[in-house]
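Once you've had a glance at the structure underneath, I'll fire off some questions.
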Amino acid sequence: MSNASKIKVGVVGATGYTGVELLRILVKHPSVTIQAVTSRTEAGLSIATLFPSLRGLFDLKFEDPKTADLTNCDLVFFATPNGTAMQEAPALLKAGVKVIDLAADFRLKDAKIWEKWYKMPHLCADLLKDAVYGLPEINREKIKKASLVANPGCYPTAIQLGFIPLIESGVIDLDDLIADAKSGVSGAGRKAEVNALMAETSDNFKAYNVQGHRHLPEITEGLTNLANQTVHLTFVPHLTPMIRGIHATLYATATKKIDVQAAFEARYKDEPFVDIMPEGSHPETRSVRGSNQCRISIHQPQGSHKIVVLSVIDNLVKGAAGQAVQNMNLMFNFSETSGLDLVPLMP
Amino acid sequence: MSNASKIKVGVVGATGYTGVELLRILVKHPSVTIQAVTSRTEAGLSIATLFPSLRGLFDLKFEDPKTADLTNCDLVFFATPNGTAMQEAPALLKAGVKVIDLAADFRLKDAKIWEKWYKMPHLCADLLKDAVYGLPEINREKIKKASLVANPGCYPTAIQLGFIPLIESGVIDLDDLIADAKSGVSGAGRKAEVNALMAETSDNFKAYNVQGHRHLPEITEGLTNLANQTVHLTFVPHLTPMIRGIHATLYATATKKIDVQAAFEARYKDEPFVDIMPEGSHPETRSVRGSNQCRISIHQPQGSHKIVVLSVIDNLVKGAAGQAVQNMNLMFNFSETSGLDLVPLMP
Amino acid sequence: MSNASKIKVGVVGATGYTGVELLRILVKHPSVTIQAVTSRTEAGLSIATLFPSLRGLFDLKFEDPKTADLTNCDLVFFATPNGTAMQEAPALLKAGVKVIDLAADFRLKDAKIWEKWYKMPHLCADLLKDAVYGLPEINREKIKKASLVANPGCYPTAIQLGFIPLIESGVIDLDDLIADAKSGVSGAGRKAEVNALMAETSDNFKAYNVQGHRHLPEITEGLTNLANQTVHLTFVPHLTPMIRGIHATLYATATKKIDVQAAFEARYKDEPFVDIMPEGSHPETRSVRGSNQCRISIHQPQGSHKIVVLSVIDNLVKGAAGQAVQNMNLMFNFSETSGLDLVPLMP
Amino acid sequence: MSNASKIKVGVVGATGYTGVELLRILVKHPSVTIQAVTSRTEAGLSIATLFPSLRGLFDLKFEDPKTADLTNCDLVFFATPNGTAMQEAPALLKAGVKVIDLAADFRLKDAKIWEKWYKMPHLCADLLKDAVYGLPEINREKIKKASLVANPGCYPTAIQLGFIPLIESGVIDLDDLIADAKSGVSGAGRKAEVNALMAETSDNFKAYNVQGHRHLPEITEGLTNLANQTVHLTFVPHLTPMIRGIHATLYATATKKIDVQAAFEARYKDEPFVDIMPEGSHPETRSVRGSNQCRISIHQPQGSHKIVVLSVIDNLVKGAAGQAVQNMNLMFNFSETSGLDLVPLMP
């Protein structure tokens, strides 16, 4: 593809893990030119100096977000902390630039709920109704026409993909869903915090935020929309001593007897990034490391009425940067898998 | 204490992780002399050669189990694979030697169920009724009088300790218990298996044996005895990339409203090795690393009817060797905490 | 490229880490059709069953090496234990099939030295003189014409690339070279061994084979050829608790004063897979994870006469499968970087 | 021992890893009462809240260093950043309180060199001549009489213990010493830094500070004193993905032929905390995890003139808190091993 026909993209806030992962994928995308990469803290620094893994691939420097010419882009990704995109997206959208926010600013429809969980006022609540929740397996057609896409959280991606076929089939008790989820440490971001030190997190396992994690309202909203009735979810996130990966173990009570394996296979048979494993399998997080795949297995232990769904993703790819590129592909009418033929790194 | 008043103990099969952990604890126990340590495969080898961490502490060599004079011991621990203790325990018991089996041979009361799960004939089913299940928090008085103690499995310890106060209080739906448990890799033992290589298990997370793990009947039997009615448990074990530790996340549905925090604190207030953490806590596995503690927190997320119990142990200590020493202390009328004042190693 | 113009390759022994890494790279290579993948132990099994990371990418099954039609291939890779390729390569070569051995069978020129270190008789010593040592940075032109390439070991790749500019410049004392090298655990292969269990290798660091590692004669032969005189190397390998990566720390004593940074940059300026980092840098193994790059920094601490070279590779890529594909590219006149535009996975 | 006869100790700055490790050891020391534990940042917080591993063992809270009555102690440990002890030690010493500084303030004799490396003015340079460098294997008698002990750094401990017998024997070239050292991540301390995040340091290996690490002048001063002539050391520290442990690989050139194994065994035969392993051994860091042992092996690879010493310690124990307690035992005429009978945790 000639450069002329490529789209120009900007990445705001590329010093975190979702940002650098986005760069890893975009640098090989056949239809993209990376126009600008910004960072408040690292402006002026060569990207390859901060991330030597990109040496030889990137000549760009981080630009100051205030001076970077983002309105000249076709698309801007926000790989920023929560609360940033909502400050800058309105002007970009007005200038005709499409926006994908990898943070949480546009994930919930109700600004009040958002403000309760994110503990700050929402600055452009009027945009929430137009923002499309970027889970292609649910919203593919809407994403194609969207100007503003809210890229789903990592836990919400793994968990919703595991519950969708059960909810759509109407075979489970919606009052009693459980998601016991385990995340690698990159989910906490590239931030200087004692809690995320290797000496604190390695050779250790713990739950956190059991009283309420910010991804809970996001998942509940998604599942409630799908079910067309309120669902009740107990969500317990855990930190596991690995770098990448989410493993969601989902529990639901069957209210009817169906072939769940067949239901999952049918639901996802045309999805390029959801892989239903053979019966009896146990997906491993490393089987999707570095790739945009979600792999799922379904069990009914001892033949009981309890359905156990095991769903794994790479939190930085299908749970963040990869899904953002999948959304970009849809928004610009590229092949949905373009730039995403990433073979998992194993071992 | 003079040597004369110490008991003489033997350890059969001390080349695995529970065996060497038993040696680590016993070598400092004030009332114990280690008389014989046996191994089929390493007979003749100095223990400190196989385990350099014990250099300077152990002069003993592994003895051939066929020639070791175990009947001269007061107590013999079996740290062997399943199926070994049942071959040798009857003769020892007949000779007046007490026995603690750290494997599964005497954990179930019903030999048929045992044979179904362990896939071998049971050789001394008549002993099952006399064997005492060595969970002191339930069976303390029976253990004191026992000659044969079945030391509980690691998952069953963490899970039962988390469910006991709920079941005894009669406040949960016994038809719908879930135990989502995560184990470090030492739980798989010191065996040459591709699945347990570091290149296979590190930076990875997976469930396993979801269709049925051998600890399921053990936990179910224990909880059913306690409840005096059949309980239904969904048990999903996972492998997490750390060496030691089990984190059990338990889910139960409250049928009555009680102060669960107070119930747990009351139940365990005199237990030396069960620590109920303050409300809102999240116990970490490393907070018990190397020690015989079980730490537990209880949550009702978002004030719902779902009770979430977080229970952590060191699988090699409270889940194996430490609990075995606790049982020994009870059987020989030593202080229950003798030799078990192990401060967790952190970080 | 149409299938007609692709070469047909076979992979013998693809159940180990170098084998599966080769498949990961070859499956995306534009000029290659994978014709046959063999395994003695897994014949009949679908490759994607053993390696779920390849689900959706591979339809092939492992074939029995006895019945697989390898003579129909243009090229056969041996990703087998030492001693296998030498049994099967002669017949393939005679049939006009090119061979790249990722094991050690053809790495040394002197069969007697080989037999001393590998403790078995060499079965085709006459082929040793024709085999080309596949380090493109030294032997590029010979590799292009070779029928039989001995792919270098992982340590020898990292170490030789770090010493080459110093030896070629004639500025160091050849009697006093030291290579203190650290390898991730995948270097030990996918073999059931207690020593490689995660519970044995994680949270641990040790040297091994200090008295003599099999890669010593390989490195010494390479450096001696280059120097045209005998060099003396002290080589100490260590095991470090990570999956992939080699970090070689090399020590040499300068006999003349030159600008070593400039010498390294000049030597490798046209090499696609050797990256000389800026002065003062410290290359990290993760900066090459999953890629075919070698990154090198050079220091003279405190301005002393001691030169310290830091050289990192991914042992499974530039240290094995990636370098094998680089050699294939040269042997078949493909672009040297074809199929090797692998962006390192970070974090 | 009755409380009356115990000494009263204070710990300043106990929120870091050396501080909490000191508490782990002191809490079981038979001759010590912990009087006060201070922290600027955590004053008022219960110690067991910050470190749940100490629940049930500690009732104390962190006190504000300004108000804590440290002059009432017999001994104060400083587990603070560099530059703190030198502010507070003079007043304590004047009040008759003995001081052990676990940081670097009193490790060098020459204040100018200290100021160059630590980049701040030294506030009590006059105390440097009285401070005793707390390496018992060299300075035991001086430590017994000292009021102010400078506890050695972690690298300096592992490296000096490995070089001492060679230097004292006069059999190596003192112009050409190399220490290639690898440290676990706890060596970087409990500080909020991006570089020490698990996502940055896990599954990764790198050298750092090759141009000059602060421990270099400390080691050089120690070895120079010992040799009674200037020694030249090349010191390359590396970060390895484990929590605890240092592995120093030392290289020296023999100038005479002696039995190095015998020399090491003779030098350390009465040392309670230095273990010379049998010939051909490779000490592992985990063999000393949690203990005050240093284990050493000596090799002459291929019978060459190059001597390779492998020396391992737990950086938080023999490299910090354990050695500090060993020094305390000497200063107060307790048994040198009192409170230090710590069995390594394996696996």
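Think of it as A, B, C and D in the order they're written, each chain with its own count starting at 1.
Throughout what follows, a contact is a pair of C-beta atoms (placed from the backbone, for glycine too) under 8 Å apart; a residue touches a chain by one contact, two chains touch by 3 or more.
Since this is a predicted model, take the numbers as computed values, not measurements.
Relative to subunit C, the most remote chain by averaged C-alpha coordinates is B. Looking at B-C and A-B, the interface holding more C-beta pairs in contact is that of A-B. Centres computed as Cα averages put subunit A at a distance of 36 Å from subunit C. Once the centre of each chain is set as its mean CA position, subunit A and subunit B turn out to be 40 Å apart.
Subunit B and subunit C have Cα centroids lying 45 Å from one another.
Within subunit B, residues 17, 184, 186, 199-200, 202-203, 241-244, 283-284, 286, 289, 347 each touch two or more of the remaining chains. Residues of subunit D touching subunit B in their complex: 17, 20, 24, 27-28, 51-57, 186, 202-203, 243-244, 275, 277, 281, 283-284, 286-291, 293, 295, 341, 343-347.
The part of subunit D that touches subunit C in the complex is made up of residues 176, 178, 180, 182, 184, 199-200, 202-208, 210-212, 216, 232, 234-236, 238, 240-245, 247, 249, 251, 253, 280, 282-286, 289, 299, 301-302, 304, 306, 308, 310, 312, 347. Here subunit D touches subunit A in the complex through residues 17, 184-186, 188, 190-194, 196-203, 241-243, going by the rule given at the top.
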